[in-house]
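Both of the next two complexes hold subunit A, though its partner changes from subunit B to subunit C.
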Partner chain A sequence: MVRLCGHCCAQRAVLRRPKTAEQLCRECFYAALEEEVHQTIVGARLFRPGERVAVAASGGKDSTVLAHMLTTLNARYNYGLDLFLLSIDEGISGYRDDSLETVKRNEETYKIPLHVFSYKDLYGWTMDEIVREIGTRSNCTFCGVFRRQALDRGAALVKADKIATGHNADDVAETVLLNIIRGDVPRLGRCANIVTGEDSPLPRVKPFKYTYEKEIVMYAYFKKLDYFSTECIYAPYAARGFAREFVKDLEAARPRAIVDLIRSAEQFRVPGLDGVGNAAAAAALPQPGNCERCGYISSQAGSACLWEIIPS
Partner chain B sequence: MELLFGNQKTVEADIPVSNGGQLTVAEAMAWARDNLLTERPELFMKGSSVRPGVLVLVNDTDWELCGELEAEVAEGDRVTFISTLHGG
Partner chain C sequence: MQAKGSATGALGPAQQAQAGQEQQQGASSSSACGQQQCEQAGCGGGGGEPLPPAPAGPAPAPGTTCMKCRKQEAQVVARGREPLCYPCLHDQLFAKVRNAVRLHGLIQPGKTAALAFSGGAASAVLLRFLSELRNPRSDRPARGKVSFSLHILHIDESTALGLGPEAAAAARDSVAAAAAQYVGAGSGTSVQYHCIPLEAVFEEEGDRGDTEGQQAGQAEGDAGLLAALASGAASERQRQRLQALLWSVRDPTGRQDLARHLRTHLLLRCAAALDCSRVARGDCATALAAHIVAAASKGCGYSLSGDVQLLDARHGAALPSFFLPLREISVRELRTLCRHWQLPLAEAEVRELAAAAAGGGGEAAPVDKKNINALAAAFIAGMEAHNPGSVPNILNTISKLQAFPWNELPSTPGQQQQRQQQGAVQQREQQQGAPTAAPAAAGTAGAAATEQQLPAGAVLCPICLAPLADDELPGSSALSSSGSGSEHTSGGQGAAAAAAAVGCCLSCYAQILASYPVPGGASGQAPALGGSSASSSRPVVAALPAAVSWQMAALAAAGQSAADAALAEACNGGSSSGSSRAERLRAQIAEFLLE
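Our next item is the complex of A and B:
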């Protein structure tokens, strides 16, 4: 049973797009996805000509497709961006050392420079050493906070104007759900933003915010992109896994659910944020501040970042 | 995904066809689970289908275009499972 592409009507369809239910052949799928990401970039004005953009690269599917897509679109539409790859070596043996090899091959493939910064250099600890010290609880929480900071520090050291991350639509939908479950109101108000840290010296942008994971994986598979697909050895302990499975179940029942979750979150107005509500509402929200020990930004004024928890 | 299947990326399988009929992806999948899978079946299947988040292709075509579980497979066909449930 051969179905023809619903767009060119000439080639055999190879996939059904989850968001639109269109059935497309390979070439029409590539064109549609690339155009969609281009429209996202242009529509949200993610970049300006001449900007130096760090592509946060883990060697995984999302960042590999992001590096491929951004170099392609930058050349096709003359964005005028100075792109490079930025990787963080958390020091997780059997995981990050292998994935970094993939990133090094990406450097060759996409002909953009790679910069690697390690937890060991930045903090004096590898993730393996931290886990040995604290056990297997909350690893992803620590690692996430450290990586976020490490990317900022690394990007600043190599004078980037912006960081582009490979967060996809499924990731954003998961985060929305997690913030609802946790009742994290301030984060709920900003977690679906396509640009974060707009006022900071290093904004972060998500060109794949509306791109389904299925399509990223299919794109990588059909284009035979070289990516690393092993789960981090500490990830089975993460709470995010439950939200992830739930999002996949929702998608199986109704593919549009993912983008609908994101669109709903964009409509959230948090009293005290977004110019909604009064001063009392604003005062009731936790305000971001700086860590008392290391001076780095933390989500609550006067609180410490995770350094406190690590024995020094 | 290959970790669940004893680190093998591709497997040539001779799947016995019961009741003389046509083999479906559902049967091929259950056979792979019972005969090839070496660990953690819950990461591969949920109920009688794949775990949501695992993509299935039949001869490099999205199984959603071929009838999903009911898609028929014959000698020489290739069924591909891709997990999306790892970090990016």
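Our next item is the complex of A and C:
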């Protein structure tokens, strides 16, 4: 009994779409996923024609598929974007050096220029050296903050207008849960935004905000895209793991639950946002300012600048 | 009944000592209650979610002094790090209930309150504390107490749980036994116990389900409810209607949630029929944290902030309000108190506590992985074991979100007195010629007004009673400029519009009314929710209690009229931000509904 694709009803169905449980043929799956990302981009008005967009590329599945999709959609729908790949080398041996090789291959595949910046070049040390100093607690925090700065500096150096990251729906859902657990209300109000830092000179966008991780993996697998799939060696120490497990269980029970988590975050009545609450509440909400030590953007006014902690 | 209560309602002394000892040894147990009864009957409180199992906490090192009184030896560690003796733990928890009742004036002297009672640990503690606070005499005031009458309300969910008649009767008896020792008549006040089956939620119709008889139906319904409360029974026809309704819902989480919503509806209507102004619920911090995670996973982020505050008066003057005095207390502390003071509990809860204590380091019972509520409860239990500080944090985070006007606590007699004094001072100043505002009138009128001055205008989902988000308001799609995002988020194509057309919130539409594509289900093709689901939702809508489906129709209609009015206004040149437009639409819908 041959099951036909639910969309074209012509070809054989070869997969079930994790998000909607539809039985589809390959081509219709590609089309459905690409259409969804296109609608996300257009609906949220993520890009303007002529913009230089840095695609944050790690060589992993999310950034590889992002590079592939943006290149494809840019051509198909004439976004008019000037795309290039931006990679950061944190200096994690056995992990980052391998994935960078993948990005270099992507540069050739998608014919878009690649720029690599390393922690060693920008700051003078590597993540391996940091972990040797501070141990495995909070190393994800350090790495994340430094990588963000590195991406911004690198993108500014090559004169980008926007940074596109490969954060997918699963990532956003986990972040929402983590922020609820951590008690970080202002961050909770921001974490589900598809554009962050829109008032800054270098906004970041998440075209994959509603795209399921499983579907990205399937897309990369079926299209035989070249990506590097190993976990960071320091990852087992991350607090996100617990939330990740829960989100995976949720997805198994009800696929829609992932976008429902994101919807909840979009709907949270955060005092001070969008006219919720009164003026006093809005004033009480801490706004991102600037670090006193290094001048970089910071939401934690008065707390330690990480630069002070790095052994010089 | 009394003898039976003491035999089944409390752990025997030998068992209890053993349980206490096991806890002292720090045996970590996390056996989830395998009893479906417990999971779904909400053994953590009359109106709450299924309680995650509480692992035995660390015991204080021998020789530690209680940090409160600094006299007695500490016997228990509260809130993860405070060593306390049992009397101080009791006082700390009792203070929360006392503040809710006296300081915030949530139960006024001479009034009647209700308590949603399940026979679980939280219910037992709440009942004990409320009775300690209660002055049974209405003629003679007692220090530190309030004179009020109490109705203990237990909703019997045997039909929803599929219990056979014998098991159902046993469960009912054990819950009644748990409350028995508090029942009695004082002089001028009383404590009564009522058990009413969930199927009584169909009481308003009798044999006529038409909407024209709505008004007459309501009065008939109240009388019928009171009769059902007295007899504790409902008709076979109602029982079958409940079964048909629940089993028409395909999604297991949706089915469980629908049963819970109906329970809330029934609680409110019974409390109203019994003339209660407030209903106390035993929702504890652990249960609320599980509710938060589950509700967030269903897309209910907008309404969440209203569910976790002390006071929930969303129905204004139409129905009683809820208050949650145990909301900051963890389930572990409640169970500790129950064990220590040997509070009578329902059989199901007793079995679970004994299993938890005796289980030692055993494997947790399997979690129903298809049920989002169960997954959330297990997640919270895991967090509690792994990082106890994170669970109260979850409640704190959501409490910091903007609550709703109907969460505001009424101004207390103390504050009113202050206002009266201020008013008197200002009156004097006025007479001396100084210009002031005139809150004097507010001071004297305030006493009468506080109970009535509940803000109207909350637009609620008729099924789950959650306030509708801006994009769920019927008629909002006519106003919004960009429809982006809603196709990708909950439900898919057009789900928001479909929900508004039916007259309920998006989450209820998706998980209760429409059929969710079942993963690995028999049907290969799952329709997108917005498409053919209009037909798939009809059997559920038709099976709902008439009052609920009538309200849904009214909401959908009100939304249409309000949207037309708003469009006309916009055409006449009114441009404003999205959120204020939504506020206006909400206010307009609320007005239409009142008419």
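As a convention for this text, the second predicted complex is superposed on the first by the 304 of 312 C-alpha atoms of A that agree within 3 Å, B and C clash if a C-alpha of one lies under 4 Å from a C-alpha of the other, contacts with A are read in each partner's own complex, and residues count from 1 in each chain.
Following the convention adopted for this analysis, contacts are C-beta pairs under 8 Å (C-beta built on N, C-alpha and C of every residue); 3 or more make two chains touch, one makes a residue touch a chain.
Every value quoted in this text rests on a predicted model; they were computed, and no experiment measured them.
Colleague: Quick one: classify A:A31 as touching subunit B (first), subunit C (second), both or neither.
Modeller: neither
Colleague: Contacts for A:L202 in the overlay, against subunit B (first) and subunit C (second): which applies, first, second, both or neither?
Modeller: A:L202 sits against neither subunit B nor subunit C.
Colleague: With both complexes overlaid on chain A, does A:G60 touch subunit B (first), subunit C (second), both or neither?
Modeller: In the superposition, A:G60 contacts subunit B only.
Colleague: Looking at A:V176 after the superposition, I want to know if it touches subunit B, subunit C, both of them or none. Which is it: first, second, both, neither?
Modeller: A:V176 contacts subunit C only, not subunit B.
Colleague: Going by the contact rule set out at the top, does A:R3 touch subunit B (first), subunit C (second), both, or neither?
Modeller: Both: A:R3 reaches subunit B and subunit C.
Colleague: Contact-wise, after the overlay, does A:D249 reach subunit B, subunit C, both or neither (first, second, both, neither)?
Modeller: Both subunit B and subunit C are touched by A:D249.
Colleague: Between subunit B (first) and subunit C (second), which, if any, makes contact with A:M218: first, second, both or neither?
Modeller: first
Colleague: Let me test your reading of the model: by the given contact rule, A:Q23 touches which partner, first (subunit B), second (subunit C), both or neither?
Modeller: both
Colleague: For A:I134 in the superposed arrangement: first (subunit B), second (subunit C), both or neither?
Modeller: Neither partner.
Colleague: Using the superposition described at the top, determine whether subunit B or subunit C touches more residues of subunit A.
Modeller: Touched residues of subunit A are more numerous for C.
Colleague: What part of subunit A is shared between its subunit B contacts and its subunit C contacts?
Modeller: Residues common to the subunit A contacts of subunit C and of subunit B are 3, 13, 23, 249, 252, listed in rising order.
Colleague: Using the touch rule from the top, collect the residues of subunit A that touch subunit C in their complex.
Modeller: 3, 6, 13, 20-23, 36, 39-40, 42-44, 176-177, 179-185, 188, 210, 242, 246, 249-250, 252-257, 259-271, 274-277, 281
Colleague: For a test of understanding, state which residues of subunit A touch subunit B in their complex under the given definition.
Modeller: 1, 3, 12-16, 23, 58, 60-63, 166-168, 170-171, 213-214, 217-218, 221-222, 229-232, 235, 244-245, 248-249, 251-252
Colleague: Which residues, counting only subunit B, touch subunit A once they are in their complex?
Modeller: 1, 3, 51-53, 55, 57, 60-62, 64-67, 80, 82-88
Colleague: Touching subunit A in the complex: which residues of subunit C?
Modeller: Subunit C reaches subunit A through residues 251, 253, 292-293, 295-302, 304-305, 369-372, 375, 379, 382-383, 386, 390, 393-394, 396-398, 400-402, 469, 482, 484-485, 487-492, 507, 510-511, 516-519, 521, 524-526, 528, 577-580.
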